[in-house]
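Chain nomenclature is as follows: A, B, C and D, assigned in order of appearance, with residue numbering initiated at 1 for each chain independently.
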């Protein structure tokens, strides 16, 4: 089959042109002074995206590596861990916690809803010694966001460490690591950054380091070890890697960070918000239903659309790919055949590309007999896309 | 500092032009039909490089991930594991084995020597229930090779599973996975393949799978899990990845495999042999000493050179990088300040590039006061480089 | 200003991904055996696109070089030249003819119409010794096509040589150089081929060569010389270039030709026809007027849209570029401020990209107060884009 | 055949990595604001390389286009033109002058020598009304340079306009356009700039513009016209190109200029001088003869080596390419089979790459039976390459 013309998925997503150029640049030795300097500087750039003064660890595998490393590093048998579940990834994180022998307390809501901070507070009160609260900021599988700005401070007030999966929210949603008291965050570059997958972007607070060091079961001498990075790389003066970094991915992520920082982080987030709002407006105007229970919990990275009754999601998706060259995502996990997901990340959040996703979905459904008003959808989306940038800027607290 | 003009290191090494182009191609969705097809086909290409009919697993992290996964998958507490140590990497592998609670038996030789199969046999006889023999084919840190073609069959005859670290030997040395009875091999693409790091190329025999499945401690639901790849990806009909693959690295490795297969595997190995022999001839003619105790155990991927007395390896190396733009490797681990390593992998094994490594080292030493005959070295190397290809082809048994 | 997100212009247009990769590949010596072989093979590929057995000359400058070379090579003072004018480029070609001292006979129609073969016949009858008929196949500035399939044979029957400007029609319109009796054709790679500009793709029949050779004023020893290519390159056995070829452009054009030939020439033309028909349907459904007097003379490469009364074309175009990142073309020459031109060439003729052009124009006009029904336009375009490929295949005579 | 591993030719030569990246970046519309801005800025960068305040014209074809445009623009029938001939390109320039009907006066020396300013002065005195002096700064075919710093001012003192072919000297030799009174210079980007061919870099003084305007035969409305660029582009406020620029080549040349300017022009020239001196030292130490009669007239871009008696240049060159993957240049024109030319431009002037050229030539000759001391050559070259940068910096007057 031909290469796709558009990759409007839940990620990996289309990279920025400069990301492609950086990926295609010469491969150099990881101890070359140029690479060492780039790697160190990249940590600083990533810290700026997270708005943190904490350590950044660039683990050399896709974000699931960072998440597993976080769980195994921070949590040990007998710990009480409050896991907030509003989607597939939240549920999966609990599996690691249970596997580690934690006393797992789950606050769970249907996957079209967001966690209510009041429920979190109740759980914290009911479990006064809870060591960890884990939460997914942006649930890519269902296109929803949780109120991390409330959950973080709340958990901290109760003395818990906060592990935040921000894989798909970094640079797409407002995110304030230090201000919100997030101890261990993990993001992926193949989402809103529009870089390559293959790297976990991790931040670790001093409190989190102390907890990991105190954990005799925390991985050491392992690909899963955060401590190796702390002890060999950071404390060793950033001269020795625990293992060979993925040179090309590092180059690509570096270019993606430059794109965000040159655009300005707030403006970059605003771009994603606008694209998401336009897509939602389009979806509704086409006569389709959004999956999230309300628009204010809808994610900036992907828009999840409930498949109309009788529609076979995977068939429609495959036909859209073949006939129109547009790659969309179906649902994921339990929701696989119930949702379509329209990605609008990085370059796909710019310009009029959200219209392509809407038209592809709309026409794909129409080709399968569904009644869809593509024209109305495009007009509704355009109305949003034509509004000025500052309408979408994050509000500072 | 400026970008290096030459990266003649122990890896990551200069990629092929087509590898750079593939790395710089558009990032696509991992479930795009084009990517799925490429990923599946790549497994077949890698199998051809290994000369195996066994399963290939493409783990999405640099080779140390595959090695750790192999150890954790195959070995459990109480197992007797015979670990062959002729260098830094062999020694490190033993650390995992010990950590896993294995009854560790090490056959060790000085790091400038190769393992003697007779010693292995003695160890096997002395430990009749040994479950595993682990061995490094090509010890990149010291530029030596072990007689894997003898060790593999020997271990099999004694009923042990063989774990072979072939990180830097794949496509650079003669390697026959099935013929030699290697159960679990791990290679890296950033060595002789001249691709990007970031992927572990793993082969797993049926016997090895059986052992992993039987191991209750084998990682499951983990980035370190071979079983996840077997159960979700392979047995699931190769439609679902256990986690997001590193799309760009996969594209790059695919291009690297094409380069080898279009050249012909034997011719590709011969190219490395010639470059290595030329480099060794040059080193000796310059008046320097090879680190390996004899030439017949010297590796094809890098040539390890003993630093002359009084020479500060890291200073010379840094000066060569700064003055001549040539990046060489020092030693590694315990040998860090005792060796120089000249890489000749992929494109650096072609053409006259070995001369650049020789001249850089020679002039770098001369700049620091050492007496070196660069001219003699270049002439000796040229004599080898001007010989016909077939003088370097691997001999079929 | 930021890079454009979409380049939907009259050309240069977005290149194919493989074209970008080829342009970015290493620059090699023009006499390297690899380059010589590529150059020779490219002539053959171009000949296939032209459906010709005649000589192909790859002049190393954008298409205007080939056109000027054609005029100066074929036409001399006193020759009667019938120049067909239906647009800006046709008019300009006449300026060269007049400058060369030709007895210029022009058959001219308004720029929203096509040449009527009956008028050509009348001119040929009235000028029985006419040496040359010159015609533009696809008038990019006004988005119209002339009936070259009738004009060519007609001119030949009257003994005239035919010079055809097929700059923007090659691979976008049905074109049969030999069957239609076209003696000297000139195309550009930056239009439907979606390659880089910088090369003129020229075909020269035996009759045309004879005429050029017989012309004492034909450029010789000049960048403008077709004869130099014939005598030094072609007749010299294709071993010596008259001057240094533009290596990178040649690589890019080669990749573009591969794209067309692998797609299949007819299918490639059909793709352009479909995109053009969809765009026209969209324009009309939005409530706007096409510039061409009738749809059957509308071009496949760009759709020319009449600017609504009171609209300032250049302002709207600049705003669309700035607000939406979409680059459209205004008119050109005399028509500059009267038209918008929506390009749909190469990758922009695939997938749903024509919708982006429609939405950009429609919203841009709406932003300036025009009444435009973007939704209706998109729906009308989608109806065409969802039809099967074979509905757009060229009909063989 | 395989791609070359090294392109150490007289040009086109290996491009800088950033040049490759720029060539492979997206093709955009020539009237896109980003491209317009880049084009205008590039003129300024080129002016800095020429050290001129005069107009820069970027003609969109390889340097021979600019040279022909210069001749046809400045010289008309009856003009006395003093053409200095010390090589093939100088001789060729005279053919245009003669063809234009000039009264051609040639000052000619054997092709292994440089023009003596005293001879030029004699010619100027003997031809008091001479309108033009034309001279090649660096004769790439024979690897020699002429004393342009003396010839320019001398010609100006006698009231002549100076046309300087600096195709291969720009950024490789010291060049001071305004200080030396050069009215019309033409350079190529595929030489010391290590960019793509396909653009002529031209500077035109006010005096030269006046002369061109006054020439009724100067090309107008032509690909060969400098005036079109002056009147449409420059005087029109740099908003309208006379024809479509070669977008990709412009991007590539822009990146090449950035490389030079970031390195510093003097340091960039010094790099070429060092490489050339090292190559010459190597050639002599190998026992071979330089073609230039003395080292002080040897060029910085290529080193011309006299083929030893009995050696078949083209056979050796082809063998070196096939066996070692190194592309060298033979002679050119009349000298084709008498010389080898070793290029050291751009990245090939850095690092130890000159050794590769020496070893390739030396071993190639040795393979054909010649007695060559490659080792001595490499040592002699290394001695030069190990000297500090400032030993090679141009001396300011």
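By our rule, a residue touches a chain if its C-beta (ideal position, glycine included) is under 8 Å from a C-beta of that chain, and two chains touch if they have at least 3 such contacts.
Everything numeric here is computed off the predicted structure, so don't read it as measured data.
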Touching both chain A and chain C (chains): B, D
Chain copies touching (chain A, chain D) - same or different residues, decided at half shared: same
Of C-D and B-C, pair with higher C-beta contact tally: C-D
Distance between chain centroids, defined by C-alpha means - chain C, chain D (Å): 34
Where chain B and chain C are represented by their mean Cα positions, the distance between them in whole Å: 53
Multi-partner residues of chain A (each touching 2 or more other chains): 3, 17, 21, 24-26
Parts of chain D lying in touch with chain C, wherever the complex brings them together: 1-4, 7, 9, 11-15, 19-21, 23-34, 37, 60-65, 68, 95-96, 99, 188, 190, 196-198, 221-224, 243-249, 252, 318, 321, 327, 329
Interfacial residue positions of chain B with respect to chain D in the complex: 3, 5-6, 17, 24, 323-326, 347, 350-353, 355-356, 359-360, 362-363, 366-367, 373-379, 382, 385-386
Contact footprint of chain B on chain C as seen in their complex: 17, 21, 24-26
